[in-house]
Amino acid sequence: MNFHSDNAAGACEAVMRALHDANAGAAVAYGDDPWTAKAQAALNDLFEREVAAFPVATGTAANALALSVLAPPYGKVYCHRFAHIEEDECGAPEFYSGGAKLGLLDGPDGRIPVEALAETLAAAAIGGVHHAQPAAISLTQATECGTVYELDQVCALAEVAHRYGLAVHMDGARFANAVAALGCTPAELTWKAGIDVLSFGATKNGAWAAEAVVFFDPGTAGDFAYRRKRAGHLLSKMRLISAQLVAYCDEAVWRANAAHANAMARRLGDGLVAQAGARLAHPLQINEVFVALSEKVAQGMLDGGVGFHGWPTSGSDVHRLVCAFNTDPADVDRAIAIAAAAHQAPQ
Amino acid sequence: MNFHSDNAAGACEAVMRALHDANAGAAVAYGDDPWTAKAQAALNDLFEREVAAFPVATGTAANALALSVLAPPYGKVYCHRFAHIEEDECGAPEFYSGGAKLGLLDGPDGRIPVEALAETLAAAAIGGVHHAQPAAISLTQATECGTVYELDQVCALAEVAHRYGLAVHMDGARFANAVAALGCTPAELTWKAGIDVLSFGATKNGAWAAEAVVFFDPGTAGDFAYRRKRAGHLLSKMRLISAQLVAYCDEAVWRANAAHANAMARRLGDGLVAQAGARLAHPLQINEVFVALSEKVAQGMLDGGVGFHGWPTSGSDVHRLVCAFNTDPADVDRAIAIAAAAHQAPQ
Amino acid sequence: MNFHSDNAAGACEAVMRALHDANAGAAVAYGDDPWTAKAQAALNDLFEREVAAFPVATGTAANALALSVLAPPYGKVYCHRFAHIEEDECGAPEFYSGGAKLGLLDGPDGRIPVEALAETLAAAAIGGVHHAQPAAISLTQATECGTVYELDQVCALAEVAHRYGLAVHMDGARFANAVAALGCTPAELTWKAGIDVLSFGATKNGAWAAEAVVFFDPGTAGDFAYRRKRAGHLLSKMRLISAQLVAYCDEAVWRANAAHANAMARRLGDGLVAQAGARLAHPLQINEVFVALSEKVAQGMLDGGVGFHGWPTSGSDVHRLVCAFNTDPADVDRAIAIAAAAHQAPQ
Amino acid sequence: MNFHSDNAAGACEAVMRALHDANAGAAVAYGDDPWTAKAQAALNDLFEREVAAFPVATGTAANALALSVLAPPYGKVYCHRFAHIEEDECGAPEFYSGGAKLGLLDGPDGRIPVEALAETLAAAAIGGVHHAQPAAISLTQATECGTVYELDQVCALAEVAHRYGLAVHMDGARFANAVAALGCTPAELTWKAGIDVLSFGATKNGAWAAEAVVFFDPGTAGDFAYRRKRAGHLLSKMRLISAQLVAYCDEAVWRANAAHANAMARRLGDGLVAQAGARLAHPLQINEVFVALSEKVAQGMLDGGVGFHGWPTSGSDVHRLVCAFNTDPADVDRAIAIAAAAHQAPQ
């Protein structure tokens, strides 16, 4: 029972089938192939407008490349202090941008409060040569606490950023989970809400390794293509990535996968709360469960073969359990039963 | 009939099968999985010693990451002026190293002459603070002209480099083709000949996207792991790459694939010379054919559906045709026939 | 009456005289000259041990170059959130290090509390490939709030850093002011307390443009010389900087200059508190006065020709007044009188 | 008798006087001072148009900062293979640009032939994502071989560069020597001939440490100010540099200094040729003498106390002797006499 992360899963059937199909015959390398053209078309459809989409293999690459177009080397990108770009990418944004800084904002449940952003930008020394220059904000949707920004929160944050001339990036490693949770369309959650660039993640939701950097105004993609190539992120056999994206962009894949993972997390969280004395450390909104567990429950689960991580930044007794597109409800129920048994066991 | 490049092909059956197998079940992300352990073991076996191997998805990433460990930001890496790292990676080595320079050497057929290297290093201002500091050499094996360095040439170049304290990197995007051409072992062509680090390429020879940076002395890998992560080249579902490598490291795959590609190029080159008035621009040693063609032959081939690139750096009338692991001999013969017909046609 | 900053002053007489003397005759360029040798000897004397000293022209260069030797591109340097390297250098540390991150710590009066550092390092993911790696701490002495770390505080912070393998840098833009305030020796405040590298500032205390990066263990200076050159901070006529340093390293210059500036600030601060209703926002320990002023006093001073800056990060009504090596006590008294008059004026 | 380099000299009287004058009183730091305003005005006058001028302390900083505005991180800057930016700056252009490449052109006497540039750019893969993108050319005027580009050569090179959309930089470390040699105006040699940005050097010609990056179209200076600051090249007591520039921009200083240095080199070169069997290795056009000397003459001069460098890149028996603004004609004559004596001595 692996609840370590959604990237512990492999690829879903539709993706595997697409890879098999894409392997037929020869194709021009480096993206001048039919699958890449189809991926571009599929993303245009998904977002209901012509976008500039650049497939890459990892979320870290997607984020860092996107930000390198938005921020100059002396720029500053604001994000939540728990953001993946700050905490989990070993300095990738700094590397790709040539030295830009991340400005950290705090707020409950992984979300940047609009007021925090507004106050920070009001006090920022825009135009002052001594100071790194505010260039962009990056919103993680869904957040690193398993929560989502509501549509109006995204709009409000984007509005503040744009007022000061900053670009708005969304780290969508779990974008599908957020869309599924909000019951909205991908367009509504992005460009219609003021997002300029999206790291569109498929890997965590059923692809092998497929992300796309999506510029909603194709004219702003700038020199992305050069930056991707010199970073070694332009695959020669690009159809490997593109075919995954084509399969994934089908609503019957991305939304269904995400909805399943979200539902499994709901089931798991509810069960742990009801039967194992667990307390939700953050609202349970997507496919991640952050729960405070008693020591005996946590230990009992681990001993019983339930895999997950401690999450001390959310509390010393907090743990994270993540469900995936292919999480088996039987495994969820088994994990709950193990937790419940540990809960009821004498000390 | 696609002879544009060996990366116009997809993946071979063994690789596809491995991907399918690797998709079963959950696995710890970021390389702590059984397939990555097997890939490491397979590379140890292949090279007949314990190595430190780091799978990545592209050859540009492999080269640039490897060199970033070998050269400081103010370092200098010597390579042939036709080297992929100089000509075809949009500045990736400079990016990854933080600004190191490439020092260009010239020599016939894509090979660096030993004397050229020796003279250059003898004249280099090693230790002089005004000058970028010699740090490494990079040999492309097989070369960008479709030729190979003989074992004794590799040894001699490595010996000169080591005498001056430089590390020796081998760009092995077509490593298997070189090994197959030379009839030697991977160990003989690398660490036994003085190579310190190899970009071991599988993509061009039957994988989808799989390379490994191989440090023959594991203690010299230094901070590679951090550099790979911050470049976004540590895949979360690492088994996608590792499983390809496991399948590929089987001699029945890599050597057979390479031998086939080499044989097809031999057949193609011989046919063009014998029947279409072609002249080999470089010795035909691996799976690439560099031929000077008359304009009518070149045009006739293109018109007849034979795809290939002009190669002006080897001569204004020179063209490159590349065979792959799955090139069909019937296609080769058809291409020759089309060329022969064009050759005999009245002007 | 300019109290904007200590760098509003020019150079002191001893420095001007040294420049004049150093201008006689020819000298080998780039630091192989007698003045640079004398500067090295003077710094050895000042610090009571053989050090490796590298003169540069600015404090930002000193800090960024020093940190680039201490931290890898994926490294993390901890500093106070008000530190000059974070707030006032437009991303220089990130630029020079190739992308290292600054980790911000908070604490009253510009000082990093020992516990804050200890807790942060205890929680840091040292060795985890996903995370920027803790590499160094940087202490600003005196701090950006005009306070000093006591000797035992420096020792305790350095001890914690060293326990985790981090190097300890001191940004000594106002180092002399701190030494004068503490009544200690330069050695006591640096290597005897655990400092590994010092940005030794002279510019703010009577030089034109002269700083030295001082490695207390010469063996740790690493590739500093190459990094300085490629940053354009190796002056050809190096004696311009070195001569300033030679003059400055005389205790009758550096300590006397600093003691005067400190005393003038004391006089100014005491006067404003006693006569103008001011409140010290931070302890007054060196040559900087941080005071909360009523609006009418602040305005009255500005109207009366007293120049200074608002300092909102220390409070919305806080202002900073800085004295220099050549601040005229008459100007101080005049400023106080103007403030007192404004204070007593009817609203 | 120091003929090692023109930067072996100190500063000229006018510069020393200006420094003395600039030391009076307080001034706003970081360039908002009257001397910096005067330096800007003086450069406007010198170049007969409004320019954007940025004072810095070194030529390496001037060049690298200028190029970092002209070339993106994946850009390519073409220069002569002997250029200072390639040979003598330890990778500064690569550092400042974030990894741009230098493309090397060859040509006699340190000059880039127009045809070489034209052919190179015609063959460059502009717009191809695999290749570093041509962004600028950099002309060294005077060249590293002590020669000058004639006005029409500058025009022709700039015309070719502009045709392909490249910017044109001039490294003017010895700009005054070139202007004096050509008998033209600074405007004629720069923007009137197509130069976009100039590294205007004063250090080698009588300043201590003073260069200015001059953008002839102020609108193209872009983010130079931020880049200078984050590189630590914005001096707090900026008047130190600016005052030097103000003094230097007087034609009675820069042109007179340069004319003297050029004349001394003429005298030295003529004498060595006539009396010591020397052969000029390059045309003698400015203040540098490149001469092939017999071994006994070279050794005799060194033994006689004449200081200079060997210059093997211009020939194994070639040496460089450089005169400065303050070279004493008596020293020149003495050096010639020593050489002549050595020449006539029996083997």
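Here the chain labels run A, B, C and D in written order, and each chain numbers its own residues starting at 1.
Following the convention adopted for this analysis, a contact is a pair of C-beta atoms (placed from the backbone, for glycine too) under 8 Å apart; a residue touches a chain by one contact, two chains touch by 3 or more.
A quick note: this is a predicted structure, and the numbers were derived from the prediction, not measured.
Peer 1: Could you tell me which pair, B-C or B-D, is linked by more C-beta pairs in contact?
Peer 2: If we tally the contacting C-beta pairs, B-D comes out ahead.
Peer 1: Where centres are the averaged C-alpha coordinates, which chain has the largest centre distance to chain D?
Peer 2: So the chain farthest away from chain D turns out to be A.
Peer 1: Could you please state the distance in Å, as a whole number, between where the Cα atoms of chain B are centred and where those of chain D are centred?
Peer 2: Comparing mean C-alpha positions, chain D is 42 Å from chain B.
Peer 1: Hey, how far is the Cα centre of chain A from the one of chain B, in Å?
Peer 2: That gives a centre separation of 34 Å.
Peer 1: Centroid of chain B to centroid of chain C, CA atoms only: how many Å?
Peer 2: 51
Peer 1: Multi-chain contacts only, two chains or more: what residues does chain A have there?
Peer 2: Answer for chain A, listing residues that touch two or more other chains: 73-74, 89-91, 95, 98-99, 129-130, 133, 226, 229-230, 234.
Peer 1: Tell me, which parts of chain C touch chain D in their complex?
Peer 2: It is residues 2, 4-5, 7-11, 16, 19-20, 22-29, 56-65, 89-92, 95, 203-204, 208-209, 226, 229-237, 239-240, 324 of chain C that touch chain D.
Peer 1: Considering only the defined contacts, which chain D positions touch chain A in the complex?
Peer 2: Where chain D meets chain A, its residues are 30, 72-74, 98-99, 129-130, 133, 223, 225-230, 234.
Peer 1: For chain A, which residues count as touching chain C in their complex?
Peer 2: Where chain A meets chain C, its residues are 73-75, 87-91, 94-95, 97-102, 104, 123, 129-133, 312.
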